[in-house]
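In the two complexes that follow, subunit A is the common piece, with subunit B as its partner first and subunit C second.
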Partner chain A sequence: MIEAINLKKTYHTKVKKGLFKREKDIVEAVKGINLRLEQGQIIGLLGINGAGKTTTIKMLSTLIKSTSGEIFIDGVEINENPLKIKQKVNMIAGGERMIYWRLTGRENLWYYGQLYGIPDKVLKARIDRLITLVGLNEKQDVPVERYSKGMKQRLQIARGLINNPDYLFMDEPTLGLDAPIAKEIRAYIKKLAVEEQKGILLTSHYIHEVEELCDYIYILDHGEVILEGTAKTLSESTFETKITVLELAEINPAIEATIQKFALDEKAVIHEQTHAHIMRFESKNELTESLVKLIHSEKLPLSKLYVEAPKLEDTIIEISRRVSI
Partner chain B sequence: MFIKSIKATFIRDWITQLRAYPMHFFIGNVLTVFYTVLGAFFMYHLLFQGHLKESFEVYTGTTDYMTYVIIGSLAYALVVRTLLNVSRSLVTELRQGTLESLMLAPFSRLGYFIGNMLQQMITSLGEVFLSMIFCFIFGLSLSSINGVTFVVSLVITLYAYFGLSLCLGAVMLYTRDTYISQNTLFLFIFLVSGVIFPVEYLPQSLNIIGACLPVRDSIFALRAAVMNGVSIESLYTTYVRLFLLGTGYFIVGYSAIRKIERIALEKIFG
Partner chain C sequence: MKRFMKVVRAEARKQFKNKIHNIWVVFSMLIWPVLAFAAAYFQFKPFAFEAITEKVSYLNDESIMTYLMIGYFAMVFFRSFVQSAWEFSSERIYGTLELIYLSPANRIAVILGNAIASLLINVWMFVLFMTGIYVLFNHVPLMNVPVLVLALIMMVLMSILWGMLLNALFLFTRDSGMLFTVLEEPMELFAGVKIPVELFPLWAKGIGLAFPLTYVIRLLREVVFLGRSLLEVSSLFYTCIFICTIMFVATVFILKWGEKHNAITGDMALF
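Up next, the complex of A and B:
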């Protein structure tokens, strides 16, 4: 398990003031983050640019040192034995970095494998397996500069797995990829957590991606965790009202009048829909029970009745709105 | 891990160099030596009509100016190529976006730099020895060479250049500049290390600075081995100085790089 306790990172930078003058500035990129990641789990870090996501990942992956706070990986403090920790973690970033373009896919994996000190026999078998896993069999001996974006990203995933890490940090892993390739990458990520029991920490600007993949989400703003939970609990704690959706097989003026009266009695607001037979009720409480009673008593031609969970995207937008206020 | 890092980096650089810069780069470096020697040849024969100041012989112990210049130019080519490659290695990783993935791995930094240096050494020596072929046309004479002294001088030279290249590498990584830092150093080395004229002609202040760089001693040792065929024992003091200078630069450069690589990684995000 990875446990970060009160993690802080401060950067000392210089800001240009005029042509030659520069003033020192202190940027608190991360201001006391706590988080946990277990093997087989996918957690997400969400936030707008500058929220501290990438800095957090860099600290967890040993790339940069925290200003204060502690990180424990399987009980070992990260600064106690960084070489051991490096064997347990790896990182994958979006874009086309982190691989050598002049080398082939196989050569890249071989080089990184050597840097991790993996015995030659083990390394060869692992490279074969990873190349198959990411579907680069046919292009494994082609220099990376001739790869497409998607192929480079798949090679990145293979590189991130070369040391068979227990924990994988993914910083925007589908950045700039076409939808079908991004979908394929998401499937890999899920597979890694479920089948290979990797603990995965993911940052992404694509909220649907986080919603689809992550078991637990941390929302960061200006270096602080402002909210955490599952997609469902985040929405529940963010929105005070519930949406109940009623779909009828047919609609007529009499039914419409009944529905309007019901909404009035329940103090619910009906949102307009493109189809008149679908009605979305927004109210403080779920309306399923009272709607079931109404359907029975009025013999309404029911097609579907369900409570609509707010999308994570709506939750984030709402949180951002509140934070900016 | 140490040996694996040396081997892997050596092979990686070898493949990269072959794919990225096949023969053109190799020939380009040979031509650099050719042009330097050609310039000296024209100056010596056309401008100075083959005449040297009497003090030249006093300072150098020879009247064979062309061999003097050729050895200096070949050593200069060696230092430039070595410094260029080893110093730029980490800043190149930074620019091509592989510094982070490299630093994620628990590899041996020293092994990485040695692998880098060894690969470059083979290429550079290949270029230098190829350059020697046309240098004979310009009057290079190897009749007095002491092979053993030459090899020992070359090994200590490469060690000293390795240390210096780590220092330059630290500067490059910190400033993220390669052009200004390397060209300033190269020009300075060319001026104060006795590449084409004896350092005794330099003002005292430049002489002191020149003595702090290992290039001057390395050129002196190589010239002594090739032109005067001296024994290893007679160069003992030079070797000790070269070794100490190289070690000093190595310690400063290596520890600076360890610190600066963290700063460089933070700068990416800071």
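Up next, the complex of A and C:
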């Protein structure tokens, strides 16, 4: 398990003011983050640019040193034995960098494998397995410069797995990819967590991606975790009202009047829909039970009745709105 | 040690494949030093050497070809590292440096591998060319072959350490273009590649002392032209060993300090 406790990072930078003058500037990139990641779990870091996502990943992966706070990976503090920690983690970034374009896919994997001191036989078998896993068998001996974006990203995933890490940090893994390829990559990521028991920390600007993949989400703003939980609990804690949707097979003025009276009694607001027979009730509590009673008593032609869970995107928008206020 | 050598081999192989993607790249690396050598030779040829011979006894109309040959021969080793170290700094930009630092690989092994690759890529063809020129045009008889071999070994060792030092420097500086300018042309001028250091004013001699190439060229010329014995050039050898030690210690220090510094500043890469 990875456990970060009260993690802080402050950068001391110098800002140019004219040709010779420089002023010192202090940037608090991360201001006391606590997070946990277990093997087989996918957690998400969400936040706008400058929220501290990348700095957090770099601290967790030993690339930068925290100003204060502690990080334990499987019980070992990362500064105690960084070489051991480096064997347990790896990082995958979106985009087309971090691979050598003039080398073939196989050569890239071989090079990175050598950096981890993997014995030759083990490395060869692992490269074969990874190439199959990411579906690059036919292109493994072709220079990367001839790969498509999706193929490069798949190679990145294979590269990130070359040391068989227990934990993977993925920074925008589907950045700039077409929808079908992004979907394919998401399937790989899910597979890695479920089948290979990798603990995955994911950052993404695509909220639906985080919602689809992550078991737990941290929302960062200006270096702080402002909210955390599952997509469901985040929405529940963000929105004070619930949406209950009633779909009827038909609608007529009498039914409409009954519905209006019901809404008034329950202090619910009915949102307008494109189809008159679909009604969205916004109220403090779920209305399913009272609507079931109404349907029975008034013999309404029910088609569907359900509670609409707010999308994570709506949650983020709402949180951003509150933060900006 | 086995793991160290694996990283050296992997890095050298990567650099080799990354740079030599086309056979013509190899031939193109010969053009510049050959042209520079030819230009220097034909610049000096029309002038009388009497005045110079007073200060550099072995430099005359007949020995000028071999004199320049030694200068350029040694310089190609050192200069190729300035260029390759400059190219190595691109690892920062492409984000691959970050992945090297994410791994537990020995950092010295990485830059040693890079330096060896540069040596093999940039130098071998010029060495062949120079050997051909030497066989065809040399007028200076070889007097002390065993010491010459030792001097050549020293040259290779020093140039590799120079390459490692530059790689370490270029990895951690954001102003690699400036370093490149400072190291490229001045090295050729002040190390005595074509103009004898003995002719320089004191301040220029002082600058020349900062380049390891200066000592290598002097060692080679003294062995080739004056047939010096090992005892006679021992002080030069010791100086070279001392400089090698300084370069190695500086490399280790820069690598350790640089990584530590970048871990604090977050400057390692730009992803």
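Everything that follows uses one rule, which is that the second predicted complex is superposed on the first by the 322 of 325 C-alpha atoms of A that agree within 3 Å, B and C clash if a C-alpha of one lies under 4 Å from a C-alpha of the other, contacts with A are read in each partner's own complex, and residues count from 1 in each chain.
Everything below uses one rule, namely that a contact is a pair of C-beta atoms (placed from the backbone, for glycine too) under 8 Å apart; a residue touches a chain by one contact, two chains touch by 3 or more.
Values in this document were obtained by computation on a predicted structure and should not be read as measured data.
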| item | value |
| --- | --- |
| Three-chain arrangement built on subunit A, subunit B and subunit C clash or fit | clash |
| First, second, both or neither for A:Thr54, with subunit B first and subunit C second | both |
| Contacts of A:Arg97 with subunit B and subunit C, given as first, second, both or neither | both |
| Which of subunit B and subunit C A:Thr174 touches, first, second, both or neither | neither |
| First (subunit B), second (subunit C), both or neither touched by A:Glu107 | both |
| First, second, both or neither for A:Tyr11, with subunit B first and subunit C second | both |
| Common interface residues of subunit A - those touching subunit B in one complex and subunit C in the other | 11-13, 29, 54-55, 58, 61-65, 83, 86-87, 89-91, 93, 95, 97-100, 102-103, 107, 110-112, 114-117, 143, 159, 163 |
| Complex interface listing, subunit B residues touching subunit A | 1, 4-5, 7-8, 11-12, 15-16, 19-20, 96-98, 100-107, 262, 265-266, 269-270 |
| Residues of subunit C touching subunit A in the complex | 3, 6-7, 9-11, 13-14, 17-19, 21, 94-96, 98-105, 110, 260, 262-266, 268, 271 |
| Interfacial residue positions of subunit A with respect to subunit C in the complex | 9, 11-13, 29, 54-55, 58, 61-65, 83, 86-87, 89-91, 93, 95, 97-100, 102-103, 107, 110-112, 114-117, 143, 159, 163, 171 |
| Parts of subunit A lying in touch with subunit B, wherever the complex brings them together | 11-13, 27, 29, 54-55, 58, 61-65, 82-83, 86-87, 89-91, 93, 95-103, 107, 110-112, 114-117, 143, 159, 163 |
